[in-house]
Amino acid sequence: MLRVLVQSGPFEMGAEMDRLSAGSDRVGGISVFMGQVRGGPDGLESLTLEHYPGMTEKVLTGLAREAVRRFSLIGCTLIHRVGTLVVGAPIVFVGASSAHRAEALAATNFLIDRLKTGAPFWKCERYQDGRRVWVEAREADDKASALWG
Amino acid sequence: MLRVLVQSGPFEMGAEMDRLSAGSDRVGGISVFMGQVRGGPDGLESLTLEHYPGMTEKVLTGLAREAVRRFSLIGCTLIHRVGTLVVGAPIVFVGASSAHRAEALAATNFLIDRLKTGAPFWKCERYQDGRRVWVEAREADDKASALWG
Amino acid sequence: MAQDVTIFYFAALREQMGRESETVSMPAPSVTVETLVGELRRKDGVMDEVFAASPRLRVAINQTLATFQDTVRPGDELAFFPPMTGG
Amino acid sequence: MAQDVTIFYFAALREQMGRESETVSMPAPSVTVETLVGELRRKDGVMDEVFAASPRLRVAINQTLATFQDTVRPGDELAFFPPMTGG
């Protein structure tokens, strides 16, 4: 079961996990990653996530399908928020369920690595002093994604 | 923040994730693994989990502390159920929060690998035809645990 | 009209270009992204300056990642943007 | 009493032994697990048979994993069990 959502509102983590868990009695393991806006001493206030409507959904659905095939997943959920999100707010939910733990864990790693550099999202940071800064792509993220071949 | 629980009752996945998420505004990523009783064509009905009260809590707390140190975690949650659990029931919840995604993801892998072979739990399967079978330790699990050094 | 392509700009590039989309005419019925961009930059000083300052720009044709050597055809939807930073 | 150790058995081993715990007397104030087990097996036919059939048994001393070469002292809590299968 594929579940791909791009939305401005929050998602309910418990409900999303339950959905993965209840999908089939063949599920033995569920792995989930959730990314949220990280605060810090630099005074970050919020992130604004811009995306490419249409292409985003296509890319995420393609990624989820690839993960299901590659890791024999039973269920796969990708939820990515867009718009302005304050420190502490959830940004992304990646979930995978499979018969055995290794596949679900590997799929979650794969999905978040690919999401970082392969889906048309861009983050603009806003600081307490009013500065706006577009987040630069990190070379480490490109490398992590490339490792999956 | 360490949270270690051994209990017969279920856990609430949403609440556990929220706890990891809300622990600090320095949290950027939360990784979670949940294991549940896997059904299948062999007619498994339930698992009964036996443990060594006292030692279990000591081992799990030690594991959580090691993960926090090794992966610079902000929060770490380990919940393991004991007693009789039917197909589809959650068995174990492993959660880690950190500033960056790589640490939380690695910690979750580490914790579940170590839990499989290093904590005093034993599973006894019960099948629809009444058979009871103690689960044998898998060599693959020993190897996965040993890889963490 | 049948000779037109739509172009979208995203994120920092959108702000630098001062617009989020535009429709342009094809110089020929089938050209590479590189050729089309070269043509547009010759006629548009802002675009020339912005693209020169953005060496890592990505391109998508019809909502699929592409390269500057791929072919653009009339009616295509083109998009230019900086490296993506999702997740 | 001060010479006693408590022993717990878990899982399949507990069922095979037909008991989950017992208190035994130390043959000396300080012996290895191996020596103690040897002593107990000489006196207990069930234990001898069960331990002979369980080559991969684990041992914990005072709720910490140990080896059969580690030392047992009076008052210690010993536990024997099959390889663990948690998670």
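Each chain gets a letter, A, B, C and D, in the order it is written, and its residues are counted from 1.
The rule is simple: a contact is a pair of C-beta atoms (placed from the backbone, for glycine too) under 8 Å apart; a residue touches a chain by one contact, two chains touch by 3 or more.
Protein names from UniProt, one per chain: A, B = Molybdopterin synthase catalytic subunit; C, D = Molybdopterin synthase sulfur carrier subunit.
A quick note: this is a predicted structure, and the numbers were derived from the prediction, not measured.
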Joint neighbours of chain C and chain A, given as chain labels: none
Distance in touch steps, counted as few as possible, from chain A out to chain D: 2
Chain B and chain D: spacing of chain centres that average the CA atoms, whole Å: 27
Distance between the centres, which are taken as Cα means, of chain C and chain B, whole angstrom: 49
Centre-to-centre distance between chain B and chain A (centres being mean Cα positions), rounded to whole Å: 23
Whole-Å gap between the CA centroids of chain C and chain D: 74
Residues of chain C touching at least two other chains: 87
Shared interface positions of chain B, touching two or more other chains: 35, 101, 112
Contacting chain pairs - touch in the sense defined above: A-B, A-C, B-D
For the chain C and chain A complex, residues of the former touching the latter: 8, 10-12, 14, 56, 60, 63-65, 79, 81-87
Contact footprint of chain C on chain A as seen in their complex: 35, 49-52, 54-55, 58, 80, 91-92, 112, 115-124, 134-137, 142
Residue numbers on chain A that touch chain B, as the complex places them: 12-15, 17-18, 21-22, 25-40, 87-88, 90, 99, 101-102, 104-105, 108-109, 112, 144
